[in-house]
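Each structure below appears as structure tokens.
In the two complexes that follow, chain A is the common piece, with chain B as its partner first and chain C second.
Right after this comes the complex of A and B.
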């Protein structure tokens, strides 16, 4: 291949263009991936987020080489890899089930990739020792996978995938089998490892909190398509559609009539008649008087006195979450509304049936395309 | 630990009560529980050890003139298993080379059969294990179909294939590939083919069972870590299916070493195996003690081989415990 042509195409570590994956044929065909376009930068912590069955794992398997795309192009470090097997791609995977070789010791597992690459015995041993140190597993090097805990197996799986120093590390829901405390610990550990090695991480998860806390960028997927791609704050604060808004965090959906449209914003009429300004999605110009769906996060509203209240709501119940309390409210027109309030000893939760005044944070209300 | 027992719930109370063993006299009750399997034990002892004991006793008796035994102690049978006396000078003792040749052929052919079954059985079992789950039952069913036909008939069918004017030779001659028929009947090759055919399912089934339990994600992990197909087979798949190979080898080797029908039909009188030699002693040979001694020898060889095999191959298969 002509080097210049190849170089001209380099945009990132992974370039995916127009990738489709169809399982089966004819009437039974299942479109697992539809028109995926994606560029992942070198050294990025990129997360594919979505509910189960959304295609995120299929996309990861296409990058790894376990599945070949039905159509489209896939470049890793500028070189086309579509058609190459997983053993010929500079990519390693941390499997959801870890898939450690049960008949090998921890050290043999970690050294396997290097051995297969034909590295010298001394080099394999030296790198294995480095990796054992990196994941703090030196003491258990001679154990077999069945003899170590789930969290330790996780570390070994990571070390095994990192040992050949791949350009890209793929992680398929690697933390889903761990308990909450260990998961939090491993999240920090993963970030540390990525910073130390500088390797591009592609992380698959269905846990939106995990995606938001760890990633540089997140791609939200549903039904084989990428719905939105961007930094966690962008995804959380400016969801492009109802699915993303609903999937990421908790959201209140309010159906409100439009009072007026002024450029990129619209004035909506809240239940009770007060006006509120809401951001419009690009290119959307709803008619005055039409009903639109607007979203607001539960923590972006606050309880206020009756004089500055924009909304009035009745308390239906309160759910205690430790750091905060979720108040389940009903607005004057009957729409439900969840308010999240940080717990403070001087603010006991309001009683059921109590009427509250609410104010919305400026810029918090956004209109969604339906 | 101590949950309050609801007096209105006697069933719950019974479930919460400490087990039998902690009660006074509980151990005694336990001690005699094995008697429940006494009927099974009786059958096992009578049916397995009884006949074996008779064989041992017979091997130390004197042959009767018309078969059977006369109750007179003799180690002559065991002597004749390995040695023979010169007809003219009973003091000249030489190795019984015809017996040794048969022992060697039996062991060698059984090992070859085991190996051939493993080589043919692995891809077969792999094929079945990688089919969609609902079709696997059908493939396994097809594997067992030969068992439905009598062994003797199947062996004669093989004879029909490989005899001098049988299917294979006729076909090859018709195609002009060979001038005269290839002699396949009454050779070790014929016996090998016959035994491999008969015992193949006994290798395929345990191999399939091992592959069915195998975690195929490990294969992906192998590929992901830059292993070629051959390396994945060697480093990932074979260690996983080793228990299946061990079970299959035992299941093939043991009946192969005692095979009677296949060497009798396909080997003729020329390539006799241990089973035929033993049968001969109880038939035309009219030397029951010798037959019994040979049978005991076979038992010793098989058990010895089994122990050796499990000690060497069964070791280091990842079952190490802390």
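Right after this comes the complex of A and C.
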């Protein structure tokens, strides 16, 4: 829960409180969503992130009105919408399959929502023209969906959902069918469209990189619950538990004994005996001598000379990734450690079997709750 | 894909006798029809001796009042029965695919398709007894019985083609329509129905041809003076065959071929 928004009493574009969704009954009941509390601010680019089956699409469908919550309240712009059908909510959806109407032209697809809203023919035409320009599809207005490419279909689906000027645009993994280059292009396009229209975007994805690069805030979901919600930097730098740490980016998990606890931080003993300061999660006070799990990102450690080294590691192998190289290391106590180092022509990767000294970036080490 | 078939693997085309079996099968299927059509143009009254080209048997058929009457009756009956069957089949297809799963769904599916599985002669005799009882009770002996019997018989054919079409429709299309503020009625009117048209047309044509062709059920259900073209022809054959029958059969064949061709064109071009 984002305490900042809640405490300030700001009314969001979308307010979800205590929403549960259960499919089936009795022994076969499946809890798709459990106690979801969520406030999405007007104009925000909000992402629901999680592996498949985590409930992110169900939550989107609940907001759209394709599914009704089993319990709880759902307000859009302050008005309760739980129980209303999708045609009575100021929300439009970009479907994963695009779901363009195959018997209509691109222009007719885009104008459909306005037509259903009973807008005049002139208004439908004017807005359709605006939308065609917005997604740069003017030249293909009279084509049918089957006659345009996947990327173009994607643009039409976006234009169709934006045309009625919804308060909220819901996007269900809209980029998953596109190839990498087109996906990158559309990510930029989506950000531009959101900035231009000022509409609140709720974006569903299982791609953590996509979530980090595009969102104002991210909610990480697993097994029907929201595990952590916050800005991408917050989620990446301060994961609340092992699942979030593991799901977002790459992480080294180190089991280390506690030397002392001093308020919000603890001093841990690194393999080799050197001390290191690690941030503790709120309210956690581990006993001195107990083992805790600490995390550090692969790029937050660096190779140093033996004098400054906090850790010593042996090189097991190196994987070349273009911009950087992932060094697979083993610490002196046998724990594995991955180090990510930017490639530079003057720094060839160390040889397998070589011993390296490592230093950790200050504040990089964090203790996990579990 | 077939032209670039790899050398390995099983291919029925390389089995010995494949060509002979294929030729024989096609000959059995189409040779009798070709001969029938051929002798419809015979100048003489024989089915075996060619006496020159003539359209006289077509002329005779067109001038035969009885042939005109039964043909019009057949067409009217087929049109009525196919129309009613198509409407009912469309509703049935929507009811069994668009409401989610419900108990007894498979049962209903089987019941709708019953006429495909029960021998036609059984249906015919059952209808004969049933219709006779109603006739005694009500005194009504009009075309209603034939229309009802043909409609019931046509429903599964229309149902199968409409349902097949409905199952290829992405349910997300209806969701998208609802999302874009269409009421359920509007979503049906603007999205489901237009996309269903090829299936509905195909179902209608199939029903039409089936009704036009049905002999057994008509024979058992019809009252006096309600001969359709097939039952009339059957009756005439008992009195010996003249090439007039060939001419009528040829015209009938031409109509069927036109409808079936239209059926294929519609399902092919609009099906995608």
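For the reader, a short list of remarks on this structure follows.
Note that in this section the second predicted complex is superposed on the first by the 360 of 370 C-alpha atoms of A that agree within 3 Å, B and C clash if a C-alpha of one lies under 4 Å from a C-alpha of the other, contacts with A are read in each partner's own complex, and residues count from 1 in each chain.
Keep this in mind: a residue touches a chain if its C-beta (ideal position, glycine included) is under 8 Å from a C-beta of that chain, and two chains touch if they have at least 3 such contacts.
Only a predicted model underlies this, so the values are computations on that prediction, with no experimental measurement involved.
If you put the two complexes together on chain A, you find that chain B and chain C bump into each other. In the superposed pair of complexes, A:144 makes contact with chain B only, with no contact to chain C. In the superposition on chain A, no contact is made by A:78 with either chain B or chain C.
When the two structures are aligned on the shared chain, A:281 is found in touch with neither chain B nor chain C. By the touch criterion defined above, A:112 lies against chain B and chain C together after alignment on the C-alpha atoms of chain A. By the touch criterion defined above, A:357 lies against neither chain B nor chain C after alignment on the C-alpha atoms of chain A.
Listed for chain B are the stretches 6-14, 24-32, 78-86 or 168-176, of which 78-86 clashes with chain C, judged after superposition on chain A. Common to the chain B and chain C contact sets on chain A are residues 64-66, 85-88, 91-93, 95, 97, 99-103, 112-113, 116-117, 146, 160-161, 164.
Residues of chain B that touch chain A in their complex: 215, 217-218, 220-228, 231, 235-236, 239-240, 317-318, 320-322. Chain A contributes residues 64-66, 85-88, 91-93, 95, 97, 99-103, 112-113, 116-117, 146, 160-161, 164 to its touches with chain C in the complex.
Looking at the complex, you find that chain A touches chain B at residues 64-66, 85-88, 91-93, 95, 97, 99-104, 112-113, 116-117, 143-144, 146-147, 160-161, 164. Across the complex, chain A is touched by residues 170, 172-173, 175-183, 186, 190-191, 194-195, 272 of chain C.
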